[in-house]
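Okay, structure first, notes after.
Note that the chains take the letters A, B and C in the order they are written out, and that residue 1 is the start of every chain.
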Amino acid sequence: MRVRELAQWLGADFEGDGEIEITGVAPIESAGPNDVSFINSRKAAQQSEASAAGCLIVPMDFASQGRTIIRAASPRTAFARAIGRLHPPAQPEQGIHATAVVGAGAMIGQGVSIGPHASVGAGSSIGSGTIVGAGCRIGRNVSIGDGGLLHANVTIYDGVHIGRGAVLHSGCVIGADGFGFVMEGGRYEKFPQIGGVEIGDFVEIGANSCVDRAALGVTSIGEGAKLDNMVHVGHNCRIGRHVVIAAQTGFSGGVVVEDYAVIGGQVGIGDKARIESRAVLGSGCGILTSKIVRSGQVVWGTPARPLKQHLEQLANLARLPALRKELADLKRRLARLEAV
Amino acid sequence: MRVRELAQWLGADFEGDGEIEITGVAPIESAGPNDVSFINSRKAAQQSEASAAGCLIVPMDFASQGRTIIRAASPRTAFARAIGRLHPPAQPEQGIHATAVVGAGAMIGQGVSIGPHASVGAGSSIGSGTIVGAGCRIGRNVSIGDGGLLHANVTIYDGVHIGRGAVLHSGCVIGADGFGFVMEGGRYEKFPQIGGVEIGDFVEIGANSCVDRAALGVTSIGEGAKLDNMVHVGHNCRIGRHVVIAAQTGFSGGVVVEDYAVIGGQVGIGDKARIESRAVLGSGCGILTSKIVRSGQVVWGTPARPLKQHLEQLANLARLPALRKELADLKRRLARLEAV
Amino acid sequence: MRVRELAQWLGADFEGDGEIEITGVAPIESAGPNDVSFINSRKAAQQSEASAAGCLIVPMDFASQGRTIIRAASPRTAFARAIGRLHPPAQPEQGIHATAVVGAGAMIGQGVSIGPHASVGAGSSIGSGTIVGAGCRIGRNVSIGDGGLLHANVTIYDGVHIGRGAVLHSGCVIGADGFGFVMEGGRYEKFPQIGGVEIGDFVEIGANSCVDRAALGVTSIGEGAKLDNMVHVGHNCRIGRHVVIAAQTGFSGGVVVEDYAVIGGQVGIGDKARIESRAVLGSGCGILTSKIVRSGQVVWGTPARPLKQHLEQLANLARLPALRKELADLKRRLARLEAV
């Protein structure tokens, strides 16, 4: 693909030699004469001078320095698209592998690929063009929309609904029972978990993450939300649209997260907490049961508090030794006065 | 099922119209005229007035308000049972699926269901009525008791023993090697993990949880214990009976947890700690190596301490800015006196 | 095996009765007359007196007390080797199971065992003597070295390289996409993750752990590194040789860990942090983005700081109530002086 063609495909303008052949992508330090790379800020412009990249995707106001460049409002986004174009994901063979097992009444869309040893339960439907990896376990009465991608060894329990274009990574488990028991006569009896799970369009869920089914009602993940690896979503949580959740974070039961919230890794969120829209939860923070984090707030620490307060507290802690010295000094001076 | 029949099945009394047909269960806000719901406290009685539920399961001392009700000592427990009655879990077909692989000498009980692409190793035994989901991997010389339920894609290593009525969720791994190495000549050599795992009767283990085998001896989970998702139980731990453990909690090696302890989510517990009976570990707390948490104690924070001390410390932290102001004030006043 | 033979096999000397038949291994408390056990320190010598062990592996300077002993520079290492000799791991049948699926052009080495329902993608290679457990999913163009051990239900994505002698436990996922998105028009678009993963020789990775592929370039785990269960390694991390990582620890993107670092459980490490050689991260600590932990440093807490500082801070916190009392006392005394 030539620079000219790449620019056209990106809907962007180029400067320099449009005939350079681009065969790969690379970070700016290691890009060669047939690679496209990108810089995201004017500050990074210095790096660009030393780069051997055949073509750079750059911000609109970048001084070209005589290089071959493609200008983009968001160079990172344009570069991401260039990667997708130059390195399209390998496509598995269409069709149902001979070793796969498809239950009675399951509806398999056009162009679907179902890998070796996968199983699809009775009454389930798989949308057109969806890829079901090897060893995936899809229960009964599950629906998965068009254009989905289930990597190998994904498990979907009965009755789960998944929208279009969802990406589920290996080992993730959708629809396991929520954690609910009642104590009776010295033993825990199960509180049956008969609710559902609804995963919106274009959601991505990382490897070995778990989204539990609701006790009653549904657990839901909104359109476009992105979950990293080993995230735990408890029963009856409602995660909003375009929420981002980093790895190893856990949600207890009934948590509500509104649209566009950003949640760091290893965060713990107590029952029925509410995280309002565009709030940001710093990595490792702990949100107490029923706590509300207000729209747009940035919180850190355990128990989580607004970033400014969190930093003040860290500063106060750091000053404790000095404070103790001051106190000792005052004591000495006071004793001297008292002795007068 | 009529209210009359449901009450009888629950061994409880009803008041009102026993002929109302109950077809489902729902939370009190969304229950309709053919749903049963429940309220658990007198406080919730107000909610009940607005509810359209056909029947309510209520505490013994609830004022009926002319509604159709069923009285129960523990309405939540009665409701849980009603769910189990009205929404019995779907039963898979009995028998060994044609694609499953059962090793030599394995003993498969009556009424067992083994799903597609599951495998059972040589010398293992599966108790009567147990369900082994699709893609489950059961090693050699494993024993699983009667009436168990292994959801899809569970992995059991060689030699693990599991009692009756256990429920294992997808992706959980029982019997992987404990984490033990010895440094020798600048390299870690494996300390072979040749011990076992014993899972008691009626234990439930959540999705993607791991219970490691012992180095020597056994790792054990006591009868009736309930583990949520992504719990890690290290080698040689002994978890007592009826212990509850929330998601993403981790136990290092050799931890002892006594009966009826309650352990929150994302707790970390160091090697050889001992958690005595009915102790409560707050979510996210950290228990140091060899620490003993006394029977019935409630602890929070890292390092964990009794709840009262933990709250005092939080309060002391919150007062630090005020304390610094007071100190500055004293300093000023002292300087004034000294200047006299 | 006689004590004489065991000592010879260990390359060590014995004292006492070399003809004792050793059939098993056990911890010192429960060892019987046909078991070998070990003590690791002079301090443990008292325990040895009460032990019924047929043979003890002891430090070089241990006073024999008339027992049958084998002397070793590192008794624990010698004992680990004795376990491996007396309890060799069960070997699965060689060959490709009839239900396994091997893709076109895959190269399967001599003496390989591929279990039931495993699948190996086109163009992949499996080294001699490697064991691929039941239900393992190996993508396309993967290479796995000689003598590896993949327990059941391991998932390897396309293009991953794994060295010799690696041990991967069940449920681990190698090569899933890193967590990278760009916001565009109110939606997250995927930043394609087209990099690779390289796992060095003799690496062990615990159950349900995840090592993500790089965005560009590679994510790497150095020779001899040992990862416990449920560890998350984000994209573009470079974990050094002989690094040890306990359970449930998570690495964000681009973290560098140098050789021989020791990392506790439930640690969280921010983007692009650098952990230098032989540094020790205490369990549960949190390392901020871009932070550098210097070679050999031992850090604890969140944000992590050197152990001494961490302990001082805990001590200062514990003294806060006393400090508040002192302050109140000074105030009273000062008021008295002012009143004069």
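To be clear about the criterion, a residue touches a chain if its C-beta (ideal position, glycine included) is under 8 Å from a C-beta of that chain, and two chains touch if they have at least 3 such contacts.
This one's a predicted model, so the numbers in the text were calculated from it and none came from an experiment.
Chain contact topology: the protein chains form a complete graph, every chain touching every other one. Chain B maps onto chain C through a rotation of 120 degrees [Cα fit, steps of 5, range 0 to 180].
Work out the mean CA point of chain A and of chain B, and you get 26 Å between them. Counting only residues that touch two or more partner chains, chain B has 99, 117, 135, 153, 171, 208, 230, 248, 266, 317, 320, 323, 327, 330, 334, 337.
Listing the residues of chain B that touch chain C in their complex gives 99, 101, 117, 119, 135, 137, 139-140, 153, 155, 157-158, 171, 173, 176-177, 179, 181-182, 184, 186-192, 194, 208, 210, 212, 216-217, 230, 232, 234, 248, 250, 252, 266, 268, 270, 286, 302-303, 312-313, 316-317, 319-320, 323, 326-327, 330, 333-334, 337.
Within the complex, the chain C residues that touch chain B are 25-27, 30, 74, 76-77, 80-81, 83-84, 87, 89-90, 97, 99, 115-117, 133-135, 151-153, 167, 169-171, 202, 204, 206-208, 224, 226, 228-230, 242, 244, 246-248, 265-266, 283-284, 314, 317, 320-321, 323-324, 327, 330-331, 334, 337-338.
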